[in-house]
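Each chain carries a letter (A, B, C and D) given by its place in the written order, and its residues are counted from 1.
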Amino acid sequence: MMKESMVKFSAKPRLKKPILIEGLPGMGYVGKLAAEHLIAELHAEKFAEMYSPHFPHHVYIEKGGMVRPVRNEFYWTSSGGKDMIILAGDVQAVSPEGHYGVSDKVLDVAEQFGVEQLFTLGGYATGRHHRAKPRIVGAVSHRRLIDVYSKHGVVIEAGGGPIIGAAGLLLGLGRLRGMRGICLLGETHGMVVDHRSAQAVLGVLTRILGIEVNMSALERRAKETERILERVRKEMELRERRERRRGEEEAWYIG
Amino acid sequence: MMKESMVKFSAKPRLKKPILIEGLPGMGYVGKLAAEHLIAELHAEKFAEMYSPHFPHHVYIEKGGMVRPVRNEFYWTSSGGKDMIILAGDVQAVSPEGHYGVSDKVLDVAEQFGVEQLFTLGGYATGRHHRAKPRIVGAVSHRRLIDVYSKHGVVIEAGGGPIIGAAGLLLGLGRLRGMRGICLLGETHGMVVDHRSAQAVLGVLTRILGIEVNMSALERRAKETERILERVRKEMELRERRERRRGEEEAWYIG
Amino acid sequence: MMKESMVKFSAKPRLKKPILIEGLPGMGYVGKLAAEHLIAELHAEKFAEMYSPHFPHHVYIEKGGMVRPVRNEFYWTSSGGKDMIILAGDVQAVSPEGHYGVSDKVLDVAEQFGVEQLFTLGGYATGRHHRAKPRIVGAVSHRRLIDVYSKHGVVIEAGGGPIIGAAGLLLGLGRLRGMRGICLLGETHGMVVDHRSAQAVLGVLTRILGIEVNMSALERRAKETERILERVRKEMELRERRERRRGEEEAWYIG
Amino acid sequence: MMKESMVKFSAKPRLKKPILIEGLPGMGYVGKLAAEHLIAELHAEKFAEMYSPHFPHHVYIEKGGMVRPVRNEFYWTSSGGKDMIILAGDVQAVSPEGHYGVSDKVLDVAEQFGVEQLFTLGGYATGRHHRAKPRIVGAVSHRRLIDVYSKHGVVIEAGGGPIIGAAGLLLGLGRLRGMRGICLLGETHGMVVDHRSAQAVLGVLTRILGIEVNMSALERRAKETERILERVRKEMELRERRERRRGEEEAWYIG
């Protein structure tokens, strides 16, 4: 059942050439923050969940005390005359092979709904605290898109370099399937949940899509995320130290 | 034969909607200790063994000098009018993918016997030596269970956070199959075999199940486990240092 | 689709018992540099691309801002009356299992085109800055080749030792399929892009093949590569530090 | 072709309930040394080679300059009225899952030839330089063997503890198939090629089998092995440092 990534559908919305927008945890939580804000503001509806053995081997306790496996989620909505699928989630895969497997599964779902255009969102770590208006760096998977998106204030990264994880792989593997897309990376420090970078990314994305999204709740959302993260960080530091020790003991335990 | 986890049945007991109780090595050995105590006190009978390529690649020398692969074990018993399957064992999986695979296999067995309700037992590391009466923290996989179990003195973890390994994954993946359950985590220091935490966990579990279990042997059992562990730790420290060196040499060895 | 390594053909050239020449990133970039120089100077044509889940999980931004998955590439050309397939690329596999899988796939392609002879190119790290004329060390996969190639100034490595990665595995696994070949390793410091070592390797290879290749652009090509590498190294140092931190946070993130 | 471990037979000897004797690289090279000595002294003949994607991803340069993948090898011989299969080789698997896979494949071959009895040989690291006559510690996979082998001077390890790698797994997994066997571990320092421990292991083994083996060449063989190892260690230290650096660069290389 869980040998490979698995998608559980709760609905099969009828969508007309939807675009796929991805935002998963990463640098400065820019992508995740942007995708979740979009889901909330556009009242997107969840229609599928993805579980994977390539995700970390823990479960997540939801508010209230309910346990569930970590997962990625597919939402859909319609705005500005455009159907959209939004991919958000708790985690990314834990191994290189896992990353390829999970991205491939996401593209299977995208293909099934007729997606031809991809937007992947993320942060671009500089290690410095960014300016008031963070720069948005982009990379595309089709030559024609360079001109199209340059107009919207995206600095196309022309000097080479790698993009790590889902934001890059979805574009790259999507290209092999004939999908076109852009990766929008907001300049960010990297270590803190960065609502200003997420806002800049959403600014460009909404201009491209010709839609409007109220940004006023974004800062509050970022602060809440940062607060939870801080708590988890402290807890995990302790747990990880124990985990390591536990790992050693488990391996050699004699009952 | 051993490409995937494999369950060897020595018997196929007829059970009526049994519950599954899991206790594997982890924080403070709380889960393992509790499950093994339960097996002994309720005279549970082993009916299956699980072997897996996701377990550590060593064998275990039993008392007397007999070698066997490390494994997990399924026991069954009946108490207070309830049929039970108890899962105990030497080890947990070594990789995230392995954890998913093994938990999935356990749930296959559970499903085969009609299990609808899960109880997973473990420790909750605090890094401090706990109070005389360790707190029991719980998380459930169905909303209705929150009220049910809160009555029995379980503090439902409402603030989020991850649960790592089998105790969490069994609940989470079980939820995807429609099984309901609770994870009972006893507060524990983390580094020592903790019979008081195991006793507290068993206290709550037996209250929930409406059964009685004599706890007098629990401390002795914990001390024995601690003594063996201490010996193994010392031995392993030496072995591991050699192992590392051996690994390097093996890799480059020219015969 | 991406469960395993996959080869995308853009053409199926008709080749007559072609030889396979491999040069991928490794010590001193000797192999990669040599193969890319050969491709440019012999006007070799690309006919296939290989993608693999065993490659690193990032994409590569080409000059101009286009994103593509990292890959290996097959080129073909004809020179000195000999048909040739040249394998070059961005990366090697990330795990031992991956290395076996990818090398095996390359040999499938080679077999499909009737390849019987392999030339794998690489560097041999000494940790010292090499002499004006780096020594070329070789190892073969058929006894008869020892005499054949010793004539061309190759020092056959007779004292044992391992060869790591594609340059070795292709020869070794090729031998199991009845292909014969030689690995040409140019002495190099190891840490810098070494055009002199690449030139020495190409010197031996072209003598063996009886072809001529203009070497004048090699130094420029090496310098360009070194410059790009230097930039990437600096960028990656920062990114990696963030990556690690990000990894921890991702794993435990609670949305 | 190389998705899984693969056995290449050069002959299919007719054997009558042969025993399997295993000696692969490990602590003090005791097992490997003992198995290779046995192969030489009993004039055993190679009949099969095993290759595996779970072995390290390098090839081995044989004396003379010939390259081959690292491998394990099956030999057969007949002595004292007993047919024997001897398993020796360059390496063990690199991952836990790989260890299970490779051991399982070895047992497939053993089963195919009707093996019912296993002898696995290895070292038992003490970190101290051993006495003139190293102790031989044993563990068995069937209760009846305890008495049988105790007579021959084997100290049955009765106090528990793990056995790591092929010497343990073959016994453990063999037990699940109904094969019986003993693991003979010679006390050894761990860090040096130990002919005295190998001699002690062979002393017990030959007493059990009722055969005679001339030990005079064992010390010379060990010294030769130690000399080669020393050379490889130095070479590898340098290579590994470069490898790590190379790994980083490869991953981020932009051509």
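One rule holds in what follows: contacts are C-beta pairs under 8 Å (C-beta built on N, C-alpha and C of every residue); 3 or more make two chains touch, one makes a residue touch a chain.
Being a predicted model, the structure only gives us computed values, none of them experimental.
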Shared interface numbering between chain C and chain A [over half = same, under half = different]: different
Chain whose Cα centroid lies at the greatest distance from that of chain D: A
Chain centre separation in whole Å, for chain C relative to chain B (CA means): 48
Between chain C and chain D, centroid-to-centroid distance (C-alpha), Å: 34
Sequence positions of chain A contacting 2 or more other chains: 56, 58, 60, 94, 160-162, 228, 232, 236, 251-252, 254
List of chain B residues in touch with chain D within their complex: 1-3, 8, 51, 53-70, 94-95, 98, 228, 231-232, 235-236, 238-239, 242-243, 245-246, 248-255
Contact footprint of chain A on chain B as seen in their complex: 25-27, 29, 32, 36, 56, 58, 60, 90-97, 99-101, 103-104, 107-108, 125-127, 138-143, 146, 156-165, 168-169, 171-173, 175-177, 183, 190-191, 225, 228-229, 232-233, 235-236
